[in-house]
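So, here come the structures, one by one.
Next, two complexes with chain A in common: one pairs it with chain B, the other with chain C.
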Partner chain A sequence: MLAMTTMTPDLDIPGSQSTPAIQSHWQAGRLAMQGDSYPENSYELFDQVIAWVRRFLETERRPLRLELALVYLNTSSVKAMMDIFDLLEDAHEKGRAVSVEWRYDPRNERIAELADEFREDCSYPFAIVPAAAPA
Partner chain B sequence: MNKRDEEALLERVAMLLEDPSHAGHPLQDALQALYRQYRAQQEQLERLISISDRYQQLALEARQVTQKRYERVLRRQQKLSRISDGYQAMMRERNQALRQASTHDPLTQLANRRLIDERLREHDATRRGYTLVLLDIDHFKTINDRHGHDVGDRLLVAIAATMREELRDYDLCGRWGGEEFVLLLADTAVSEAWEIVERLRRRVAAVCIAAGRRRLSVTLSAGLSEHFAGEAPDETLQRADQALLQAKRDGRNRSLTAPPPS
Partner chain C sequence: MDLLSMRESYERDRIMLCFNGPISRSLIEEIGKALRNYLDTQQATPSSAMDVFAVYIEMTQNIRHYARRQGYDDRQASATVAVAQDAEGHYLVSAGNLVEEADGERLVRTIESLAALDRAELKAAYKRQLRRPRDAEGDAGAGLGLLDMARKSSHPLEASLQPLPSRQSFFSLTATI
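Now for the complex of A and B:
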């Protein structure tokens, strides 16, 4: 149990109408987020996500993969996502293997356009993939 | 004095100092001291200039770094605004689509009952006059039974399109039920409404749709009622409905105006 305390615990946050579902898998090097994001306190929500990403990139040498199926984002959520993508970019510039896969419902092309705007400054693999909406 | 003249002068002085024939001359010693003093000062000045240049360079680089950082923050801010605006636009579109879906009939894209009720309440609140018309497709059930709902639906869509073309921008045309339509003609007396409805019925009767090898067309029956001041919209509707019922009983393919409320 003592050894466990040095590990960053994984996130498993259920989604709500205004917050995305978030799951992190330290062992698999994977972080996934799905749904709408316009939380009342987005800093509280995203700080732990950003902290997890930062911690993973600092502690591990393994690749990190983001699997996103985000739909609507309010401004502070957009900012949080930009912060996360910047962390990945910094890591990538230092030679780390990082990647993003953003899935969107093909009935809503706007999502793909916005994901593409996010991708603009990212030099790591960033795929925007049409896929059925998550259940 | 420029650099070259200065160097020429110094060389001349150095040569004079080295000339053995001047050795022991009382000025030689003083000039030697002056020459050394000058050289030392020159060296110091050059060092000073070089240090100053380096400081300037550093300040310039610092400014460039600040500028770069500022531009980066600005670019980030712009990106944030751009993406955020994009999401807002998406939300607005989604709201519009929802509003459209909640106020219109998905098959014919005509107004649905909700929108018509809303508009009736508005007219009531602003005491705006109007004539209501209920229209019903004659023998529509027979068409559905004989040719299937697909043909019936196509007929409804074609009739709806014709009605939309025929009406004024401020008239509201809605699908009231299965094969029943409603017209809300604002600021229109029943006599004027009658002309509109008769023209509309003629246009609709000319609409033809293909059903297999046959071509189908239908007629409309209509009931008109002009809203009277103080009358509840429901009553105006009820009178139009009564008039429509009577038009059907009288043999269909006709319009009938409801008598004023009793």
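Now for the complex of A and C:
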């Protein structure tokens, strides 16, 4: 029998000065974001990311891993990211394997502080990793 | 135009960058880019450069959101923005805009109440505000930005309100990083 899975299309959004680059990989169970995020209305950008995460967690049983290299987030983006981390937290409480790895340039401690404040509200693996900035 | 007196006033107030006029989304980005480049040449540490940039973004985006909610035209939505450095080397980020008198008074009260909070209380208030439902935010939308600015400042935020003949007031806000 041929089983058709209903796959949500992957995201591949190029970054701009005020918005991060975003790639989702449904097959690999991975979502990645890099760069600055300070659009005026972050939900215009993040609604589709939130929808992808929600759909993945509802449809699949496989682990989901977030790979972040976000730098500066305005408060509107912080709010949207918190919604994503909350979805992961709900899934984790139901026994799902979810994790976050946030890489940052160790010269800028503000990024680690920002990531750490998100981590305070998460009980799943959340790594904050100093890493050299990409050339 | 008396450019010399403008220049003298900028120099006296140690203004590194300033802008006056209708502020668009792309203008916020372009001025922000110039600000970052400038801070880079001033050898500001990456974290203080990011704090200055962050405060600038929250201030100007608050002005844009407010002007849009009020349905202001370009003239009414115009913003006055300045970034300066004080004698001790602290960065000052200031922005001013027209507000309805009652809104301005409410804003000033909110900002004065933040001055009484210590770091831990500001953080708790910020996290509470962050968890308010998206739709319930409405007018309080500025609240999260103000808390963020207060957390990034080394001194309490300073706000003032100057009444104008039009039943509107000129609201100005300064953060010291």
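A few comments on the model shown:
Rule of thumb we're sticking to: the second predicted complex is superposed on the first by the 126 of 135 C-alpha atoms of A that agree within 3 Å, B and C clash if a C-alpha of one lies under 4 Å from a C-alpha of the other, contacts with A are read in each partner's own complex, and residues count from 1 in each chain.
Note that contacts are C-beta pairs under 8 Å (C-beta built on N, C-alpha and C of every residue); 3 or more make two chains touch, one makes a residue touch a chain.
Not measured: the values here are computed from a predicted model.
If you put the two complexes together on chain A, you find that chain B and chain C bump into each other.
Applying the stated contact rule after C-alpha superposition, one finds that A:Y43 touches chain C and leaves chain B untouched. Once the two complexes are laid over each other on the shared chain, residue contacts for A:R110 go to chain B and to chain C alike.
When the two structures are aligned on the shared chain, A:F118 is found in touch with chain B, with no touch to chain C. By the touch criterion defined above, A:T75 lies against chain B and chain C together after alignment on the C-alpha atoms of chain A. With the shared chain A as the reference for superposition, chain B clashes with chain C in the stretch 129-137, and the other listed options (21-29, 93-101, 129-137 or 165-173) are free of clashes. Shared contact residues on chain A (touching chain B in one structure, chain C in the other): 72, 74-75, 78-79, 82, 108, 110, 117.
Listing the residues of chain A that touch chain B in their complex gives 72-75, 78-79, 82, 108, 110-111, 113-114, 117-118, 120-121.
Taken together, the chain C residues at the contact with chain A in this complex read 25, 29, 33, 46-47, 50-51, 53-54, 57-58, 61, 64-65, 123, 127, 130-131, 134, 144-145, 148. The touching residues of chain A, when paired with chain C in their complex, are 17-18, 38, 40, 43, 72, 74-76, 78-79, 82, 105, 107-110, 117. The touching residues of chain B, when paired with chain A in their complex, are 76, 79-80, 82-84, 86-87, 89-91, 93.
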